[in-house]
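I've put the structures underneath this note.
The following pair of complexes shares a single chain, chain A, combined with chain B in the former and chain C in the latter.
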Partner chain A sequence: MGKVIATRLARLVATLLAVTFLTFSMTALLPGDPVNAILGVDAVRDPEVVAKIRLDLGLDDPFLVRYFNWLGDAVTGDLGQSYITDQQVITTISQRLPVTAQLAFMAIIMALILAIPIGVLGAYKQGKWQDSSTSAGVQVALSIPNFIVGIFLIWLFSVKLGWFPASNWNRISTDGLVENLKTAILPASALAMTQMAIFSRLVRSDMIATLQENYILAARSKGLSDRFILLRHALRPSSLSLMTIVGINFGALLGGTVIIETLFAIPGVGFRLINAIYQRDIIVIQGITVFIATAYVVINTIVDLLYAVIDPRIRKG
Partner chain B sequence: MEEQTLIKGTKMGVTAMRRKSLYRAVAFLAAAGLIAGACGGSDDSAPADTAEESSEEAPAEEPAVEAGDEAEGDVDTAIEEVEDTVSYGGSISVGLEAEATGLRPWEDTCSSPCYNMMAAVYDKLMEQDANGAYTPYLAESITPNEDFTVWTMTLRSGVTFHNGVDLTGQTIADMFPIQQAGAAGSSAISAANLSSVEATGDLEVTYTLSQGNSAFPASLSRAPIGMVFDPAAAAADSEGYSMAPIGTGPFVIDSRDLDNETTFVRNDNYWATDPDGNALPYLDSISFRPIPDEGTRLDALLSGTVNAMQTLRQGTIRDARAARDDDGADITLYEFQGNNVGGGMFNTAVPPFDDVRVRRALVLMNSQEQVIEALGGTGISLPGTQWFSPDSVWWSQAAADAWPKFDFEAGVETLTEYVNDPERSDGKAVGEPIDAELSCPPDPTLIAAMQVLEQAYTASGLVNVTMTNYDQQTHINNALGMDNGFIGSHQVHCWRWSDDSDPSVAINPALAPPTAEVAEAIGLPGVVSPLNFSNWFSPTAFQAAVAATKTDDFETRKGLYESIMLEFADQVPVYYSGHTATAIGTESNIVGLNSWHVPSGELGIGFPNAEGRWAEVFIAS
Partner chain C sequence: MYISYTTSGRSEVVSRGTSTCWEGVALSSVDGSSSTPLLSVRNLRTHFDVGGHAVKAVDGVSFVVHEGMTLGVVGESGSGKTVLSRSIMGINTASNASTTGSVRYNGTELIGKSKRELRDFWGEEMAMVFQDPMTSLNPVVRIGRQLTEHLRAHKKMSKAAATELAIQLLTWVRIPEPEQRLSNYPHQMSGGMRQRVCIAIALACSPHLLFADEPTTALDVTVQHQILNLLSQQQSERKMGMVLVTHDLGVVATRTDEIAVMYAGKIVEKASTSTLFSDMRHPYTQSLFWSIPKTSEPKHTRLSAIVGRPPNLAALPVGCSFADRCPYVQPICREVEPQLTTDSNHSFACHLPVGSADADAALSSNIAQGLAQSEAAAIRRDAQTGASA
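Here is the complex of A and B:
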């Protein structure tokens, strides 16, 4: 087991190094000059002012010098300081991560609540109209981009029904849980739609395989009820791959909420990333991208390790 | 809740206001000219003591500007006194198109969302009245010397910052080094040719410019130099100032949740009053929320998530009008169509756009009406012919007449002449189509507008069109060309021109020598403007622009700017779609955006570029 952990951690470090280098390279390759973003389009570009800003930001240093300077700071948790807001990137992330994490968590929970019954029903009624209709619904959910879902939800539940706010975010700390949930429910629902479709397909296919196992036939021959068999004997062994995907998708959602956060004006990590891109705030782009990649890779590694713990065949392999 | 009644002034439509504004503009400038005359530099006027007094005087004869009075599609919401009974109290939230980059006027390069927030917390030294004329605001008066190189300003007394510190002349002087070190301030100081600021009395400040500039008060109405902040607090913690700004404005910062909500509460010690002497502001608090998606922002207003929202998109104005007129949404749209005009530019330093025949041909092929329709601006935006809108005092009928109108056949004929010219500048063989890269930011309406142009150019059979879309910052960078001596890598490039400031603010940098070589050639080494994005340089236009900053005679200045617009029509370094319409939409019980006042009691400029002034906004009962 120790060897497995060491191998995974070595891969993790290598992956993160590659991610930081690629991210730094790509942002360096972006056309233009961050000085322009700082000065604004109407600014008279006094060469002395431009030179001072470039010197202050180290923009004239060679690429590798800038990269290793940044990496040296990054490993100590210092991801730099925004060109535009002067805020530390780590502060920016730490302020926004709870929002994005809550959205991702709610989306996963909502998706699971819908996906498991749908998947179980589809497997239990395989080939029948219940299976066909849920499959069709899932296919539709999978096909519609989440921002389209978001626009529809705003129109229906905000503009027409007036049940939920159309945008922005009420914080638990200042507005309380109920107000917070009012602002979270629509964006989380928009995010949940695709997840629900993925999860329910997975549950359905795993359940179909499980329901063909001999011990299920044995349970049926004992006269156990279908509900008992489905929930106690079939669902649990069918959930292993589901849990894996849930973990991975949670990590993906931390960086995948960009569009929904922008649509609903939610002050999460993704919204700040988009703003940073518009503002050419390179340091923030680098910091958030690396953070998202790190979160994704770390969660994947944890899932890998847990999988290895649960399934000895993987550990041995 | 205390209730007061606002002045029930004469309702004045925008047309009348604009006409009246002309009087005031002339009066203001004439008075400034008289000051120069009193000092021995001018022979065309009688003396006046201060700019504030000057705004009270009317010109002897009616100016000969009738422009725009009956302009079709003129959609501006009237600037007028409100008749509602004013109510104190209440809170509103305003949806903005983006988060403010920061709230430090000397440092943060702002646009419309940012200025909305800053207007709540800061006051400007000068403001524009409903006529567009500059009038003292936090200043009480400002007077130039005869060559406009020294401006003496007297501040209003009894003004304090939110932290209780008094505003004095020394405050303004102490702001100067901070502004010099700031990204926004240093550029503005350079553009204004401002070389020193001294406190010459308790409430007196003397500005010294390296070159005379009769439009200097315009700089004092803009954030980087004109917004007043507490220099001691700014020096102590510049970064913290962006999160907790301290001004003299009507509202005090309460909380700032970046990317989500910034809230300001009533400044109980605010110095300004309404024309009846009632304390301002009326609202208890105001919060601003960045909502970048245009549709969501409008939905947020329609659903009551926010009480007001801004937009700088014609398509959103169209949708908001539909919600109001067709769906019965109970909203008010404060619409404004100022001097900002959309369209683009040709990079005249790059063949074939260095040849006026090519530029003219492409403008002749440009159906502005179709482009405006693609932008969603039919019935909202007026076609542009110059940098001034038809109801501006600077608008020129002659320039409008001279601007090449849509005539596809004439465009083909003109371009054919170039294409068949053996000496054509792009070096291609006779008869070969020209190459043109048409570029806009990736906004859906801009892309639709690009496609209109692309189809027209392609239909001529004389243009190989390539369309590109880069994000806003890259789009700007491509036009700036910091890497190639400010020539840029653009060809036919979407852009917006001008604003509602004094014309010199936008025109002078756009006409200055674009490269060091040009500056050297005309004997002005070092006078290079990166903001001459089209790289078009005309000695006569440049001289006219400079001359317009050396006089305060309105008619002279107007004539100079007209000559520049006529040269634009002749040389076509730029092209136009329509004038940029902007709007602030509010729930219908929120009033006052179009009826705020400058200290003299005159109405202010309103809400240009969807930037509101919030002190006199109230919730009608």
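Here is the complex of A and C:
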């Protein structure tokens, strides 16, 4: 176990080095200058001021020097502060990452709650009307972009029914859980739609394969009910690829909920990241990237550990 | 047991000591036939619809199994014996399978019952031990739950009582340290152990009828005997009816009361075990018997295999399905399908049954015409007659 964790940590460090270096290179290659963003494009450009800003920010240093300066600070816990807003990156992240993480988590959970029964039903009734109708529904869910779903949800639940606010975000810390969930439910549902479609397809196809196994026939010959066989014998062996995709998609949602965050005006990490990219705010981009990459590696480590929970053959003594 | 062969190709079993035992069993099975048999299969057919063609995996099979009796079903792979046992239980899951005929369990007709109704019979009244213990146990479920889940479903047993019985069952099938084994997963056990567990699972609800579908094919030779002996012992202790499906005549020789030889979905010969071995009438039975290697043969004797392959079950030939592989084949075999004789003690389906004068003449004329399979059969026979003489 200790060895496993050590390997994971080494992998995390390698991943972070690669990811931060690549993001740094990308931002260096992009045209545009953070000084413009700081001063405003139309501002009168006093060369002395520009030079001072560049010196303060270290923008004139060679690329590698700037990267290693940043890296050195980051290692000591200082992720720096935004060129534009002067806010500490760590503050930005601690304010915004929980919002996005909550959205992603809720979306994944909602998707799983729907996807598992749909997938199991589709596999059990393979080729029958229950299967073809759910498959058609899943196909539709997969084809609609999530911002369309988001707009539809706003129209239905905010405009027509008035159940939930159309935008904004209530924090658990200040507004309480109920108010928080009211603002979270619609964007999370919009995100969950595509995930549900992907997950249920995986469950269905893995389940169909599992149901061909000899041990399922053996379980049937013991006189167990279909429901018991599906849920207590077939589901676990059918959920390995589901776990993998849940891990990967959770990580992807952490950095990829920009559109939904924008649509619902949610102060999440994606929203902030896009702004930072527009403004060439390299320090903020780097900081957020580091956190998303770390979250990715951590989630996938948890997924790997969960494999062993699902399939005892993977456990090693 | 000594086996000798007459020049006509018929084999005779001269058994010492065990013969009275066999006769006793044969008598009891005759006696039992007056009451309702445990299992009565009549004209059972299971056809699979594959692209518009009917694959006749089981095609008109009838037999009876009495309490405490073991029926051996013998045939090559693809002869329909696995489908047969699954059809009797009704666990054919393929959606393109259709089963007709009659299966009566203690007088109750099972064909036509819904899956939900059959579930009360499965596990509780009749159970099955599958061919491959590596795949017939769920790899992600502990042995303990696999042993007790159907007990709890059928017998409404408490968890504690079921666990206690599970330990008992593991002891019966001679698994050491049964308490510890309950928390094991299948991959922590050897193949032989797993098959013991499968047998324990099958025995858990004390079924009256046990199907064993090639229960030792996937196991090491050294383990095969232990498993077969265990099955026989449990069968006789519990007075269960048992259907032992195998491709190996050697397996059924000493462990069954009656043997049905299957070929291409049909029973081609059926008799009590002693009769069958002493008086084989169907050329296929004889070929199966010849294909068992014998230690009495000289070293490096070529293992005699049956020429050719089993026929395509979707396109069976007119006449006898074994004709293409039969050393005695005559034109009539390819024109008229031989019917199973109605003698309940020994029935067979052949125009030229082994041992008849017609069969001898047919074999001689086939050899004269240079029919390869006949010559091979003659060589086999000569070699084996010489070896046992």
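As a working rule, the second predicted complex is superposed on the first by the 287 of 317 C-alpha atoms of A that agree within 3 Å, B and C clash if a C-alpha of one lies under 4 Å from a C-alpha of the other, contacts with A are read in each partner's own complex, and residues count from 1 in each chain.
The rule we apply is simple: contacts are C-beta pairs under 8 Å (C-beta built on N, C-alpha and C of every residue); 3 or more make two chains touch, one makes a residue touch a chain.
In this text, all values refer to a predicted model and were calculated from it rather than measured experimentally.
Student: Overlaying the two complexes on chain A, which is it for chain B and chain C: clash or fit?
Tutor: Taken together on chain A, chain C would fit alongside chain B, as the superposition shows.
Student: After the superposition on A, what does A:N168 contact: first (chain B), second (chain C), both or neither?
Tutor: first
Student: Just chain B (first), just chain C (second), both, or neither: which does A:D86 touch?
Tutor: In the superposition, A:D86 touches chain B alone.
Student: Which of the two, chain B or chain C, is in touch with more residues of chain A?
Tutor: B
Student: Using the superposition on chain A described above, determine whether A:L71 touches chain B (first), chain C (second), both, or neither.
Tutor: Neither partner.
Student: I'd like to know which partner A:L305 touches here: chain B for first, chain C for second, both or neither.
Tutor: It touches nothing on chain B or chain C.
Student: Once chain A of both complexes is superposed, is A:F228 in touch with chain B (first), chain C (second), both, or neither?
Tutor: After superposition on chain A, A:F228 lies in contact with chain C alone.
Student: With both complexes superposed on chain A, which partner does A:A218 reach: first (chain B), second (chain C), both or neither?
Tutor: A:A218: touches chain C, not chain B.
Student: Applying the touch criterion given at the start, work out whether A:V4 contacts chain B, chain C, both or neither, answering first, second, both or neither.
Tutor: A:V4 contacts neither chain B nor chain C.
Student: After the two structures are laid over each other on chain A, how near do the C-alpha atoms of chain B and chain C get, in Å?
Tutor: Value for chain B versus chain C, nearest C-alpha atoms: 47 Å.
Student: If I apply the document's touch criterion, which positions on chain A are contacted by chain B in one structure and by chain C in the other?
Tutor: On chain A, no residue contacts both chain B in one structure and chain C in the other.
Student: Residues of chain C touching chain A in their complex?
Tutor: 89, 91, 93, 95, 115, 119-124, 127-128, 130, 132, 135-141, 149-150, 153-154, 185, 187, 198, 201
Student: Flag every residue of chain A that touches chain B in the complex, lowest number first.
Tutor: 30-33, 35-46, 49-50, 53, 84-87, 95-96, 151, 154-155, 158-159, 162, 165-169, 171, 262-267, 271-272, 274-275, 277-280
Student: Residues of chain B touching chain A in their complex?
Tutor: 95, 98-99, 101-102, 108-110, 183-184, 186-187, 190-191, 238-239, 242, 257-261, 289-293, 295-297, 299-300, 302-306, 470-474, 476-478, 480, 482-483, 509, 529-531
Student: Tell me, which parts of chain A touch chain C in their complex?
Tutor: Residues 127, 213-215, 217-226, 228, 232-233, 236-237, 310-313.
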